[in-house]
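Questions regarding the structure given below will be posed in turn.
As written, the chains take the letters A, B, C and D, and residue 1 is the first residue of each chain.
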Amino acid sequence: MKKAVAVILTLLMVFSLFACTQTTENTPSGSPSQSPTPTPTPSASQPAQSPAGGGEDAETPPSADTVTDVSALENTIGFFSSGVEPASRDTYEIVWAYMRPMALFQNITTALKELEPQLNFTTTEYCANSDIDAMIQTIEIYSDQGVDGFMIVVDPTASARIKEVLDGTGIPYVAMLNSVRDETGSEIVPCVGIEGEIAGAETIQWLYDNYKTYWGDIDESEIGLLDFNFSPNVDFDDRHNGSKARFLELLPGNESKVFSADGVSGALDEQTGYDLASAILAANPDVKYWFVAGCIELYSQGAARAVETLNMDDRVLITAVGSDVLPAEWDGGYDGSWVSCLALSNYQYTIPGICALVAQMDGKATPETLWQSRRAPGDQVTFYNVSYGLLTRDNYKEFFEQVLVDSGLA
Amino acid sequence: MEKLLEFNNISKAYPGVQALDDVGFSVKGGRVAALMGENGAGKSTLLKILSGDIRPDAGGISIDGKAQSFESPHRSLQASISVIYQERQLVNDMSVMENIFFEDLPVSGPGFVNRSELRRGTQEILDVFGLPIKPADIVGRLSVAHQQMVEIMKAYRRDSDIIAFDEPTAPLTDKEIDILFRLIAKLKERGKIILYVSHRMAEVFRISDEIIVLKDGRLVNSFETARTDEAELVRAMIGRDIGDTYANLNRSDNIGDVLLSVKDLVAKGVHGVSFELRRGEVLGFAGLIGAGRTETMRAIFGADPIISGEITLEGKKVRFRSPKDAIANGVALCPEDRKEQGLVLGRSIRDNISMPVLSKVKKGPFLDVRAEESLAGEAVRTYKIKTPSSEKQAGELSGGNQQKIILGRWTSGKMDTKVLILDEPTKGIDVGTKAEVYQMVCDFAGLGIGVIFISSELTEVINVSDNIIVMRDGRITGRVARREATEERVLALAMSDYQESMERMV
Amino acid sequence: MKSAVRRIIGAKEFTLFLVMAAAVVVFTAINRNFLSLDNIRNIFNSAFVVGTFAVGMSCLLISGELDLSSANTGMMAGVLISLLMNAGVPWVAALIIVLFFGAVTGLINAFFVNVLGFTAFISTLGVSTVYGGLALVFTNAQNVPIGNPAFWSLGSINVFEVFPLPFFIMIILLTAYGIILFATRFGRRLYMVGGNPNSSRLAGINPKKITTILFVNNGVIASLVGSLLAARMHMGSPLALSGSDLDAITAAVLGGVCFTGGSGNMFGVFLGIMLLTSFQNGLVVVGVDSYYRVVAKGVLLVAALALDFYRERARQKQLLSS
Amino acid sequence: MTKRINKFLRSKHFSLVVLLVMMIAFFWAFSKNHSYLGLNNIRNILNSTVIYTLLAVGGGLVIIAGEIDLSPGYVGTAAGAVMAALLNSTGLPWLVVVVMCLAIGVVFGLINAFLINELKLQSFIATLAIGSFIAGGFAYIVVDGKTLEIKNDAIALIGTGRIGGFVPYTIIISTAVIVIYGVILAKTKFGRCVYLCGGNREAARLTGISPRLMSYILFANSGMLGALAGLLYDARLKAGNLTGTNHYVFPAITAAVLGGLSLGGGNGDMLGCFLGLLIISGFNNGLVVLGVSPFWQNVASGLLLLLALTLDYLTKRGTKGGRAHGKAAGV
């Protein structure tokens, strides 16, 4: 009897394994799953001004033959200047590869799936489960498979090697989220992301500009800073340093009240945030007011729970980089000390990234010619700073609608 | 109504061995039936069938005429049968009372253990046995003898109609043996059926009403104890007259100079032992369980640490830090417990035999498998080990064959053994193989090897050794040459205040 | 009386008590607030996850088994309960369904280990990997928010003003299982099966039946932890609880549970949990650099076990000489 | 000769080869223009086995001897971090640095063995403490949490260089390691002692083998191979990585068990280990080649493990798995 059950179990597993391998919507065996719908004719519609933050004013509409700066019209999907009609060429196969399962990456995948008809490409997703060696081998596997382009999150700890491998494949690629810089600090791979220091600094800046509405006119020297960090990741480390630098810039006298909490001892989750925040807040009752800066949303959420248990809601203001957890809390009616977060909408990442990649695949743009107008001095290529917004409880709904409108998808 | 236990034509086969072949006999209530026979004759298989641990291929057991079938040991317990195995079935980390009541812990309310009832019941049994143990003592911390008594008390507590003992007296001191025999007598009066498996003739004659002899899985005969004697039993068991077993042992008798001398050795369980072993001499070590003989030899061999004392080998002072040193100097030890300390059950016979001489069967950096095979083949031939090939796993062989593998290991061609220590080489071995072992011991001596022969069976030690050293409680109590050695004299040296029980035993 | 005192001092738990007392004294000396009511409650909250896992895990360890799928079972439970509640299922029903899911996971593990005879270490690892993938598939790697404040309160209300509910539940489980292990027949059989599986089998106690119950029990407890964590986090996250079952094993072994089965009790496990959590919390309170905190956890475990080894050897020597 | 063949047919290796061939056929059929068996992809598969092979060999020997070692992954990360730190801050030649890093692996292994043999700690717990806590923390401390670039050309050549432009050095190193250890295990006295210690530790001691010495050697060896794995990992990335090979130990042990090693100790060999590694790496590679969505890849690798265990149950007539070894059918 046991043998029979074992045989049935084996068949069941072989079948489910087979099912697992068929889960790709578009098996890269060349058959385009659905014919691309004709995109609207590239009318020279003037792009709506992008919302608060680093928006650039639009330049003269480009003509088809010259290789022009794609950055001018970066936010509108309806129009891109590579001049090649998406439907006229065969479907591009791109690989969207990232380091670890995160909500933002998943949102980028959904955004890419929505854009596939317009730009006539198919997406294959790869997650390296934080194993950089596996990421490198996957790049080689897919280059052997003859894919057309890579959209990749380059892990900062091995960016030089990953760039070397990508250049070796000769396949166009665009980096997402983490910048790739050489020793001199000059950006060497076109990247769509957000500067860690800026993100960290902006969140603290907002707290500083708005704390009076929560605490009234208090003695600024009483404010302390609890600054989360996850040092192994260079990007999170930059956000940590950015927050700290901006805090000391604004409140130079409060040097003694700055506490940094590195979550390296636990998993990347809320529990670690809770353990660190609760211990530090309870250990320093003498600090009357607290700013809490979260380089990762889950840490700030842990801090929010700690503040609730220690009922210090009236003297702690929490912020975070990333907008996947807090809006959901607000939807559920949360109105605690976690007051704001820096919004990173997936479309604001995806559209410039995919446009740059498609332009390169069409041969109409090279890394150097991409977004020239946005290039920081001293950079060989442009680090495209995604425009962001600081969300609060009252403006977050309206912000997300606006992003949809801007991207022409709404 | 008197109880009746019937084994009706039971057969059981293992790959390559017909363990039981159509065995049938019956035992009435209030009688003790002793089971005797060569090892591999199927005695322990029979007990395992009785306890429901294994199922027979054919035939079965019936109680009071009703056929029983035991899918699991639980069924046999419910049929009021309990078997006491050689390997103790105790949980060392738990208390005596929990081990005794084990599966029937007294319960009150929703499954809560009734500790007061548990303690009271245990104390009651302890009083019946008259043992200096408290119910709450942890079993692991008791002496080996007391642990075996806990095992027996567990069976007594089950108050089963049928109780089977498998070599129960091996670890017991005489005080406990006496308690056991008084208990068995009481159980007989209450009409219980007792099955008693043992190799000790004296015990069997003293306690049993009938003796059932098995040979190679078949029932040879059953004798009324009163109307039979030792010689007739042995003849039934091995079909050869034991009388001349020791007589026609051809011995070398060219005993040379002193090979190994030990001066006031002190170790755990050893309190100042001194003796000399000569080349070509068979030095017997007699004594009861717990006399410290195994501890002495393990200390010499380097298996256990020595507290103080001096050992000289061939005139040179030596101190063996580990068995590795001892073997390098030509000292070999056949351990008492075959399975735990002797064999690697998962490996082939060849691996087990070549273990101590691996560095001598090498060809360049690699092991020379052919040399190993020839070594193993030679051992299989000289010791007549029943096996289709030397690649068979040691675990799949019978107890007797396993012992031969260990003997073969220490006397293989590649071992230049000077001193060979045999610790209970014939324990759990059938009478036929014993005779072969005795001859081997003499052959080793003939080659000039100094042999130390430890055994708990007096007749064996007396007749095989050239000189006999008797130990008790870690000290030597006497030295006797074979010529003047009689069982009474050796016994007197080996025991002290158990005079009375031993009298009855002989 | 003297022997009773000597028995207490000889006990394994006394070593833990010594180490913990020393740690508390040192931490309080450096920062008085370590013993403040707030921080004590923090320790309680931090102890909940590892502690509750350790309860189910210790039972399995005592019976000689192991379950490496608890962490992902818990995570899966958190995700499922969130998805169910978003689909309109009242939280009480959702909790029951999720606990049932934990039981089924336990049955699957028990089937593999007891019926098909797989090594527990590897087969529970397989189940864990499958759950890790499925959770990401169900949630598309997003956190599943729960908008039900009543359910949130499960994670945050305080019992008797001092004990947060999850911690209180952990204490109840520890006490209940402590009593079961010490005073009930089923509990004592756990030690028998762990201490000598063969003799239990021969005496008619079926080790498989007992370990099956324990696997199911561990699955249910893991699901309870996942659900309470989801309540406290106001969402089910497919990345939660990773690695917490290894921490639970560490706490259990620290508390005197022998890894190969047969010994250990719930009071020791409670001390192990509190020592591990308060030590971690203390290091943060006194501001030890994070890298050294990771090393300190390892040193604590090794030091406690080494201390226990030397005390045991001293006691053996003392027994031998007396 | 036929005796050896039908011995092979009945053996564990045969069922592994069958599983491997079935898997390759499946992926070959479904991969885009059959690129699964393309020369490049075969190299990719072997490339992905390198780190697992080193850990499976070191850890496998420890398992055969009856213990378990969870620390080599973390020791590798620590060794890699030290290499990066030394190369950047000191002028030491790279060979000296590599030897020092391997020495660090050996030291961690000896600490493991000391805890297990002298303090009688259980190997699961001791290696977990030494590995994930102490070695892991040590790695961070050494580089103070920063990832350091490795610019040494020799190290870069070993990590990324390819002989004749095709065969990476790392594959040669890992293949050499598994072949050498396979021969040692099967043919030499040391190898036989590993099996004997795993089968019956006390019996081995009483025949002149020192299980304690074996334990020290094997844990030191496992530490050294763990360190080597960490060095190769960082050489391939040309950077001292801080999470590195931490999470490589469990899959390596799984591959070893898949290949026939039982956690109770005493059986299994390097050929089985290699087949187990090939199956797991080939499977993961196949999933990537098919472009299976990443979350389903995790589900599939868990199912593969359970499937392999079930097949092992079906091929092993009735005898139970690792836990009940030694239940010999003695009469």
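In the analysis below, a contact is a pair of C-beta atoms (placed from the backbone, for glycine too) under 8 Å apart; a residue touches a chain by one contact, two chains touch by 3 or more.
Given the structure is predicted, the values throughout are model-derived calculations rather than measurements.
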Problem - Centroid-based (C-alpha) most distant chain relative to chain A - result: B
Practice task
State, to the nearest whole Å, the distance from the C-alpha centre of chain A to the C-alpha centre of chain C.
Solution key: 36
Exercise for the section: Mind checking the centre-to-centre distance between chain A and chain B? Centres are C-alpha means, answer in whole Å. Expected result: 74
Fill in the blank from the handout: chain C to chain D, mean C-alpha position gap in Å, rounds to 30
Handout entry: Set of chain A residues in contact with two or more other chains
Key = 6, 9, 101, 231, 262, 264
Problem - chain B: positions in contact with at least two other chains - result: none
Completion exercise
Two or more other chains are touched by the chain D residues 140, 145, 293-300, 303, 306, 310, 313
Problem - Inter-chain touch pairs (all) - result: A-C, A-D, B-C, B-D, C-D
Practice task
Write out the stretch or stretches of chain B touching chain C in their complex.
Solution key: 51, 53, 72-74, 77-78, 85, 89-94, 98, 102-103, 105, 107, 111-113, 115, 141
Fill in the blank from the handout: chain B residues touching chain D in their complex are 14-15, 17, 19, 40, 42, 44-45, 301, 303, 322-324, 326-328, 333, 335, 339-347, 351, 355-356, 358-359, 362, 365-367, 393, 395-399, 402, 409
Completion exercise
In the complex, chain D touches chain C at residues 115, 119-122, 124-126, 128-130, 132-134, 136-138, 140-141, 144-145, 250, 253-254, 257, 262-263, 293-303, 305-306, 309-310, 313, 320-324
Handout entry: Of all residues in chain D, those that touch chain A in their complex
Key = 26, 30, 32-33, 35, 38, 40-41, 44, 47-48, 51, 140, 145-147, 149, 160, 233, 236-239, 241-243, 247, 285-300, 303-304, 306-307, 310-311, 313-314
Completion exercise
Counting only contacts in the complex, chain C reaches chain B at residues 183-186, 188, 191-192, 195-196, 198-199, 201-206, 262-263, 319
